[in-house]
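Quick heads-up: structures coming right below.
Consider the two complexes below, in which chain A is the common component and chain B and chain C are the respective partners.
Coming up: the complex of A and B.
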């Protein structure tokens, strides 16, 4: 009898312990750790531009629109708005209807009250982009764009203080949740602006309370809050307890895509986010970033360094050491392109005469892009046929640069001979028709192995056709300055999409953007006219035709040597569930889950 | 001695002025345009001008230099603009009977207060560099005196050869190889990381960087200190001591060591300011949030306020340490007199 009682008591105790353990497991906090490739600057959405800071803001704040997580090509969906606004008045007016009942994360600035999001917050944020005090890197989004805003800004500048209260004609608050925006001219890409992770509403009282250091006090409506920030060393996000939650939309998922199916299996039907805590460590050096992942200190590694790619992948497949550990590799063709810019104002490589165009085309033909992809990019890139990367609206998969860009030293030599760029003094290198020697200069970003190898490739390839090029490694700030002010002959450059429309790339060659983003200083009337016309059109066959024409003009006038669209490999441990990388949005925390037991078991 | 110290303190002012001039003109003539770095991907001339105005780099050089001097005089805790109180905010506070603090100089890139940057980054830097200096000096002296004792033997030659080889290899190579093998392959240390908890950092994350810095610094220190000891060993007083029958151990440890300490102290004094700026290579590779890494980021971003403050801070530390070392000479060697 006593034994039976004892056994029963023990069984009850065991059951209790098991239940407690299960409950503890269920309540276990889910944490992911990862590294950023560069240090952040801060988290005031209107003051930042680097993708790492913007990536954090993406999780703390919410934009009016966003992108469907699984849809490819990308697709706009509402986030803070009730629906995606329809372009009105031929793309010159947009009415933004904000959802009701969305609240900011709690903050002392709200004096203990829950603060609901209103349309006024977004109107305030737009004004902040133009306030000179904020030195907003994305001011251009709202410059010469909204009726009355430029005049208002000028007036404020003269007054010495930005006016946040006087109504602006193009920013009309119809009610507490509705903002009508009227543009100076039609812009069908304006909706993409509303999906940018830093074009987000902010609460005025928060900005005013933390006026001196708004970068350190991000308060948004998003799924996470900034819990800890050791600048340039550690960023910790934790679930926003007041967040309303979101779900994974599966409407546009690809039934054949295993990543989509993995995400659906892990996340569909659940209230997101599932990750309680995200720890991010900026690690600038590639080796420790890579080793931290391989060592199991981090749960996934985005943008596996090119120098380690041979240790990770062979012929596109994971090496056995990684496959054995259940690691998977997500391959992403980023919406970006690399290019070498020719300075069109330079006396040797610039100009629009047939001779100068032929010279630049000879340079392009001399360059071996296949070697660039094989050696410099470790086969992690595809050749760019135009400035437009796959996936952007307006990209034409059938557009081929063909004979304009393919490596052909014989044709390069023939072109140079034809324009009289021959060796006149017998030193083995070609000279200008007037006898002056040709000595080109290629500027590239210092401290980057890829860029140095690219410079070496230029030297080797041009020597093969009898041209000399001096390579100059320049620090980031100087390289930027030289490219902007035209203090270079040939220089390396790259562009990452701000929004997924061809216009964001084709503006790089628009004449009036010289001294700004048009680093080639290319000014061609025909091109500018096509560009301006394309701005007035919605996504349509007619606009795509204009884009094709512009791409042809770029190829024929050769203001640039088109490089590649790089491919990045993201490595994920098996305990991270539902991973998928979005081509525009930078982070994935909102759409992740973690098997904590497997995570514990997998860590060293 | 007091007069000497006061005189040396006075001499620091023109030296500091020279450092300020140098850094100011280097930045303005060689450095990139901070406005372009901050302006983002798409910008126009007007925006760049606005940023220059905000940063104060649109002002004539003599004015910028004046602001710089003002900031240095205030330890970077007060900008000239906030001091002159253009918007009347300070006057308003004073009228309300509240303290009217100046605004500290802030980073152009991150808006963080510069004094705060220096204060928060110095801890991790010293956690690495202080043990490095202490251990490197102790080990260097012990090994050097041992090698000097067996001078001319095969052991001496072998050690010198190893030192020469060790000195010929770049620090970067040591870091990359050691991080790979000690951190990753053999799992003896974490690959990288920092917690902010002093003991945890010192015992977990700091040992590998410390070990590397010592390993790299030991070879030149050993060669140098050995030469100091050999200089002393060849002096007459050593021969006399030996002739008197003093034990070799006493000769080396009492007579030679004491006299060789003066050049060793000078060498440590020269190296001492370096520990306050750290090693940017170690800090970037091991993710240590120290001053070296901060300065590197600041240079890449043309973040002049941080560069200015770090340079001035280092110059001042160097001058103060030099003064302390000179005073220390007196303690180590009573024959030294101040003039």
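Coming up: the complex of A and C.
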């Protein structure tokens, strides 16, 4: 009898413990950990440039529009706005109606009150892009664009202080929640600007309170807040307790796409976000980044380093070691291109005379792009025929530029001989026609072996045609800055789509964008005229023709060596639910879930 | 006559034979040390290798791509090499004709001349081997030749930087320890400033200054690495040498030298230096090893030898990722070479210290 009572008591105790454990599990905070392949620079949306910082801002701030998470091709949907604005006056006027009742995350700048988002915050953000103090790399978005804004900016520059209060004709606040934007000329891509993760409203009181350190004090209306930031080492995001929540739209999901179905299964009908805490570790070296995932320290690995790709995938299938652990691989042909920029202001590689053009073209022909794809990119890339990656509006699959870009050392040598760049002093290296030695300099990102290999490839390819190149490795932030201000001769670069239109890539060579996104500092009248004309046209054969002409000028004048379009493989552990990579948006935290029990079991 | 002379010479010899000097005695003692001699032979072998590589007698074609990517070592001929195959991905636009640019190309008027010149230039492609004696690297270069060429850079950097650091440390240590006073205080302050900065940060700071200075742009590369390491690595030697000089300055033999009118300079560098030379030598050899390793760090951070050079440091940095994909041979080649040289150098150092220490007879 006593034994029975004891057993019953024990069973009851066990049940209680199990229930308690279950309850604890249900309340357990969901955390994901991952690495970025480069360090962030800060979180002031109007000051940043790199995709890693923008990726963080994506979660803290919200843009007026965004992209449907599952729709492919991508599709604009409202985020802060009530609806996607219709182009008015033939694409020259847009009326933005912001939703009511959206609040910023709490911050001391608000003096303990809840701060509601208004249309003025967005108007303020647009002005911030033009404020010289912010030195925004994306100033070009609103340059020569909004009626009265350029004049206002010029006046402010003369006054030495940017005026945020005087009304501007093209930025009209109709009421607290409505902003009407009037453009100088029609721009059919303008709506895409409104979906960029750094084109977001900010609260003026926050900016003014943290004036000297706005990069460290991002306060937005988004699902996450910045909880901890150890520069270049650790970024922690936590759920914004005041966030209103969002849901997964399944309207445009592909019934045959397993990733869409996985996302629907994990997230549909739930109030998102589900992840409580996100820990991000910038790890520039490929090996520790990869091993952190393999060892289960990180929950998913985006952009698996090419170096290890043969150990992960073979013929597109996961290797058994990963398949056994339930890892899945998301393969993404990213809307991006890599390129090496020639500084067009440089005395040796720059210039527009036939001789200078021939010299750059010879450098391009000397470069072995097939080896770049085979050895550096481990076959995870296709050669770029123009700056436009497949998938963007305006991409022309019938534009093939191989003869201008493919490795041909004999043609490169012949071209150099033809323009008189020959070895004059017998040291084995070519000299300029006036006898001065040619010594080139290639700037690349330090710490990544992949980037070092690219530098090695340049050195050995140019040596084959009798040219000498010194290589300089610099940190990510310095590399960005140097490229922007033209402190380089030849430098590695890459551009990932901010929005899915060819214009986003062709603006990289638009003269007035020099000192911003035009790193080549290419200024060609014909090109600029074509670009400006293309802005006024909707997606049409006529606009595509202009794009094609611009691409032809890029090939003939060679301000850049076009590289490749990379294919990235993202690896995900089975406890991460609902993963899908968006081609434009960088991070996925808002649309993820984690099975915490499986996560605990899977970790070392 | 000659017989008489010989006899006279032989009988007179014991009376006038000079006593063997410090170095002769040291060499005799070293010759008796078997381990030391083996280490010496190994070190000399590496030095010869370095000289041979420098003059182009060996590893002249180290940069030639003779194998497929990550070519297997010959003794692993049948093993799978996933990285060795050429691109399987077909060009998606292979059937699309090239775009015609002749209407806008500034070079169009010279197309014909260009083609004619191209036709005259012959480019020969070297067939690539599937295997190499000890394997190939990513680009298909022979790993053995690479290790030999790497030895040239690493040993050069290690030896020259260590020598310079030892000279700086010894001279400053001697001045501070022997002269003392205000000069000693000033040098102590200078030493404290240097050592208050973490070593790696100091190296990086020097590298940044050297790297960004247009005046020093010409000296980038190996010379810059040597200078950085020498200028940052003298402090330990300084401290030890200073202590030795303080100790020796009051010794009788120094007083005796002073009594016969030897100058400060002579007392410091002719009389005392040989008696502290074992400290300098031990420090020199330790720094050779330390600097070979420091070069690895600098090269890894992109501040070391340039990408067109090879050192054991760059090989180890490359091998870091290769090991994960099962390509161990570059690590083995660089690691083994480095281990053998470092061990031999350390053993030689011990033997030299014993051989040179005047207290050990």
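In this section, the second predicted complex is superposed on the first by the 392 of 604 C-alpha atoms of A that agree within 3 Å, B and C clash if a C-alpha of one lies under 4 Å from a C-alpha of the other, contacts with A are read in each partner's own complex, and residues count from 1 in each chain.
To be clear about the criterion, a residue touches a chain if its C-beta (ideal position, glycine included) is under 8 Å from a C-beta of that chain, and two chains touch if they have at least 3 such contacts.
From a predicted model like this one, the values you see are computed outputs, not experimental measurements.
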item: Chain B versus chain C as contact partner of A:455, first or second or both or neither; value: second
item: Touched partner set for A:379, first chain B, second chain C, both or neither; value: second
item: Partner chain in contact with A:513 - chain B first, chain C second, else both or neither; value: first
item: Partner chain in contact with A:283 - chain B first, chain C second, else both or neither; value: first
item: Contacts of A:370 with chain B and chain C, given as first, second, both or neither; value: second
item: Chain B versus chain C as contact partner of A:291, first or second or both or neither; value: both
item: Chain B versus chain C as contact partner of A:111, first or second or both or neither; value: neither
item: Where chain A meets both chain C and chain B, residue numbers; value: 285, 287, 291
item: Chain A partner contacts - residues on chain C that touch it in the complex; value: 63, 69, 82-83, 86-89, 91-93, 96-99, 101, 104-107, 110, 113-114, 117-118, 120-123, 138-139, 211, 220, 301-303, 306-308, 317-318, 320-321, 324-326
item: Touching residues on chain A, where the partner in the complex is chain C; value: 285-287, 290-291, 305, 307-308, 310-311, 314, 354, 357-358, 361, 370, 373-375, 378-379, 382-383, 385, 397-404, 408-411, 413-415, 417-418, 446-447, 449, 452-453, 455-456, 459-460, 463, 470-474, 551-553, 555-557
item: Chain A partner contacts - residues on chain B that touch it in the complex; value: 31-34, 36-45, 47, 50-51, 53-54, 103, 109-112, 117, 120, 176, 179-180, 183-184, 187, 190-194, 196, 284-287, 289, 293-294, 297, 299-302
item: Touching residues (chain side chain A, partner chain B) in the complex; value: 39, 41-42, 47, 49, 132-133, 135-140, 143, 212-216, 230-234, 281-285, 287-288, 291-292, 294-295, 297, 475-481, 484, 495, 498, 507, 513, 515-517, 604
